[in-house]
Amino acid sequence: MSRVFRLIISCPDQVGIVAKVSAFIAERGGSIVEANHHTEVNERWFFMRHEILATSLGNDLPAFKEAFEPIAKQFNMEWQLNDSDKPKRIALFASKESHCLADLLYRWHEQDLPGEVACVIANHDDLRSMVEWYQVPFYHVPVSRDTKPEAFAKTEQIIEQHEVDVVVLARYMQIIPPNMCRDYAGRVINIHHSFLPSFVGAKPYHQAYERGVKLIGATCHYVTEELDAGPIIEQEVIRVNHAKNIDDLKRLGRDVEKITLARGLRNHLEDRVLIHGNKTIVFDL
Amino acid sequence: MSRVFRLIISCPDQVGIVAKVSAFIAERGGSIVEANHHTEVNERWFFMRHEILATSLGNDLPAFKEAFEPIAKQFNMEWQLNDSDKPKRIALFASKESHCLADLLYRWHEQDLPGEVACVIANHDDLRSMVEWYQVPFYHVPVSRDTKPEAFAKTEQIIEQHEVDVVVLARYMQIIPPNMCRDYAGRVINIHHSFLPSFVGAKPYHQAYERGVKLIGATCHYVTEELDAGPIIEQEVIRVNHAKNIDDLKRLGRDVEKITLARGLRNHLEDRVLIHGNKTIVFDL
Amino acid sequence: MSRVFRLIISCPDQVGIVAKVSAFIAERGGSIVEANHHTEVNERWFFMRHEILATSLGNDLPAFKEAFEPIAKQFNMEWQLNDSDKPKRIALFASKESHCLADLLYRWHEQDLPGEVACVIANHDDLRSMVEWYQVPFYHVPVSRDTKPEAFAKTEQIIEQHEVDVVVLARYMQIIPPNMCRDYAGRVINIHHSFLPSFVGAKPYHQAYERGVKLIGATCHYVTEELDAGPIIEQEVIRVNHAKNIDDLKRLGRDVEKITLARGLRNHLEDRVLIHGNKTIVFDL
Amino acid sequence: MSRVFRLIISCPDQVGIVAKVSAFIAERGGSIVEANHHTEVNERWFFMRHEILATSLGNDLPAFKEAFEPIAKQFNMEWQLNDSDKPKRIALFASKESHCLADLLYRWHEQDLPGEVACVIANHDDLRSMVEWYQVPFYHVPVSRDTKPEAFAKTEQIIEQHEVDVVVLARYMQIIPPNMCRDYAGRVINIHHSFLPSFVGAKPYHQAYERGVKLIGATCHYVTEELDAGPIIEQEVIRVNHAKNIDDLKRLGRDVEKITLARGLRNHLEDRVLIHGNKTIVFDL
């Protein structure tokens, strides 16, 4: 993979944004690897993502950033300019179930995840050996009703110490406290084991079994204060039938959860996910 | 397709049912084309479906039925014995949207639907010409808040006159009155344009758009008194993304609705769907 | 749907194309509804598609076209500028099987197909009544080994008379002669009833059954002189198993064929498909 | 999971087989957990699989087996009677690519694979550490053109020593010699990284890229002497488009390969796959 700079823009829509931005890139000799636009017509809002070959810009991100500043101001842009050579640092939160954690660690180990796993934090000690085989720091931070505030204070301290960019709840069975939801808005990703908005909350496979659905699913979404209601990044389903019991649903669902989380996280790590209200634009050509 | 007799059984589970039934069939020289069993382990309930070549039973359904009676009593069976040469008679209920209606009429016309379309009842007159091309009786029965009781009285009269076995709500936008839900329990099939239990009720594509889901779906289910809450027969989904507006969702959804309804109805017509509480067993090998 | 102009470009890749084109559009006040780019990195070839609101360009296509000419020359572009108010004219070719033909006619009738069905040409007379219900001219042009040259001469004459832009082989079971393949290169679309390149040629469902595949499929592709080997536009599959016989495969396959052809054709009609060698770029966000 | 005995039967079709077998089971008080039948109508061949609760048969497999012998003879059955408490022993063959190997080891470690991983044999030493973390014996048996006979002699010796029931080629890039194909017929499972019969042989993702297919797939099949032509157990696909390069296809394909192999192997381990000529019956309700 060649080094690229990723320019991510969201701003009020008007004629001339694309022209301005692409002229700016072209004048500097920037070679565009991938470009995506989207306009929310009703709300007249515009979204854009460019991948530009870093060598074509002299590998000089700060210069490019400084030069772009006036355009950003002119169009009232929210924007980011990220360097693929500075991959996002990930904290994986886990509990006892290992499938999502193991899947992400494996992908990272195989250089298949465009990010850096900085640490694992778990409220049980069960998965320590697996994590340590990958030579990733493992923190056991138990959480009980009484210790929750201290536990999360410690948790936040660990992720700050590791300069974490994104927290992934890899079947972490604790509810993130509201203040952490706010502090890390758009940076905490959860995998919920149902096709949301069906089966919010606890035991979704039991709920799915009781309702007799013919497909079960998983949802990768950003965490907000309202449980299982944040912006959806990715969803996937698998067919089931009357012959499947709850254990079968769990077993089949694990594969769906792993894939849904890995895809959603991958898109986040490559700056392909733009949040707009409670929805996402996902430029995942 | 060869003529078959379909023996459908549901009863409390115990050792020896399969042996008894298959011995009964074998003694009469019955040639089994397809056989399916299912046991609801928790509730100790047993379900079975056989297709038996009619010629191997001398094409004599009444004799077979009478002989089976004692076994059915012995095991407290709910059972049916149906003849593929007596296809179920279907009433299609429609409104203004034609896609599900047109799809089912076409399949029937091509001898692709194992049932007999007896009539179409619509609360608008728009689709008359299409229906009449297929030489199917078309009844325009308008429904308004004030006329609803009379309208449904008339509706029931029409379906009785046509000796209808199953009513299909092919995007019929009226709520079936409770008494009709009870009278035709297990014989009214609806297509709901969402992946239930998400987005019950009106305008599910709008709801899906607002929630920002990444897959939309359709659900074929039996109608019960509680809206969109009856036993699910079949579900299907299709991928969408941020670039799709509500009209796109509707357009993509139409294909999913058609296929989901056609599959569910086909299974019902072939006696492949057994209702158990609020769930279904679907023997659709 | 608002009227749009569609600017489709393919040319050697170089820095500055996007900037030049988007500046050109912006200077004229063009409001971009959708924009897509793709670069074939190995071959350094660039592809672009824009939808621009016609009103924002004063509804004046000829002026826009003339002004763009110099840019097109400068970058050695192959290009088109199409008007959504001039939908492509379609000739549907059919034989005896009706499912694809009926599906496309229905979609067109419901204004769900962004093109104009100009005529139907069939080598059997069976489907005349269905076509005439839609008030579409139906031509019965029988083809036999001996009459093939005359039959296709007549066929070409009909499609010229109807000013046809695209020919759709809706399960037309004749091989298009080489000269017509050349004359209509990139404008004849076929639906093949297998997941190509598996099961080229005759009786693909029989071939699939013999091989024991667990999924069957359909392929929508441009017709070239080599049988079933042209650029693929769209493919889809459906799960089957050992219990399905050849008639089941045909039945299940029909739904896949219909959807695959309708999707591929829709993309062609909206100028979303760019041919590059024996492959396609499909901008179908 | 309760202990079950699995009775697998394949024999010429005739009236009375099901009756005879189910009477036999019922007379001994056998409680049937799952039953599946299939008749190949054209070839008049019958297939049956029963899962019977072991406790209901006094946990006595030998007695049940002996008693069944005469029925098996009478109907010329090929049959097996297997005990879920004697899981099949698996040898995993690998090369350098780890994804399928890692996936199966993980599933086995989580008790999610109904078999016993006995050993790993690899022609490169790269994956030793991963395998040893799972405390599974790892054998490095290099294979070169000159040493192939000795290498496979050694390989067969290792799998005999470990009393292996099934060999899984988890992206093992060597061709199994004909004599081993014969000796282990129906007991060597391969994952091929294409949707067979498309793209047989080397570099299927390159072939898929060149052909411009819109879906890529994977095929789990039994190995026979003819390359990639054995009975197919399971297939799966994933959507791709023009924007995906060969590395993307490989990355997306890895997930499909893992799932396809895991599903196919699971069915084999539970005696759900019956081979019939070059096809399979898969009883995977």
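The first chain written gets the first letter, and so on, giving A, B, C and D; residue counts start at 1 in each chain.
What we mean here is this: a residue touches a chain if its C-beta (ideal position, glycine included) is under 8 Å from a C-beta of that chain, and two chains touch if they have at least 3 such contacts.
Since we're looking at a predicted model, the values are computed, not measured.
By count of C-beta pairs in contact, A-B exceeds the other of the chain pairs A-C and A-B. Put simply, the chain farthest from chain C by mean CA position is D.
Work out the mean CA point of chain A and of chain B, and you get 41 Å between them.
Remark: chain A and chain C have CA centroids separated by 37 Å (rounded to whole angstrom).
Looking at chain A, residues 34, 241, 243 sit in touch with two or more other chains.
Interface of chain A with chain B (complex): residues 38, 41, 195-199, 211-215, 217, 231-237, 241-243, 245, 278-282.
Residue ranges on chain D touching chain B, taken from their complex, read 15-16, 18-20, 22-23, 25-27, 29-35, 37, 39, 56.
Listed in rising order, the residues of chain B touching chain C in the complex are 34, 98-99, 102, 106, 110, 112, 133, 241, 243, 251, 254-255, 259, 262, 285.
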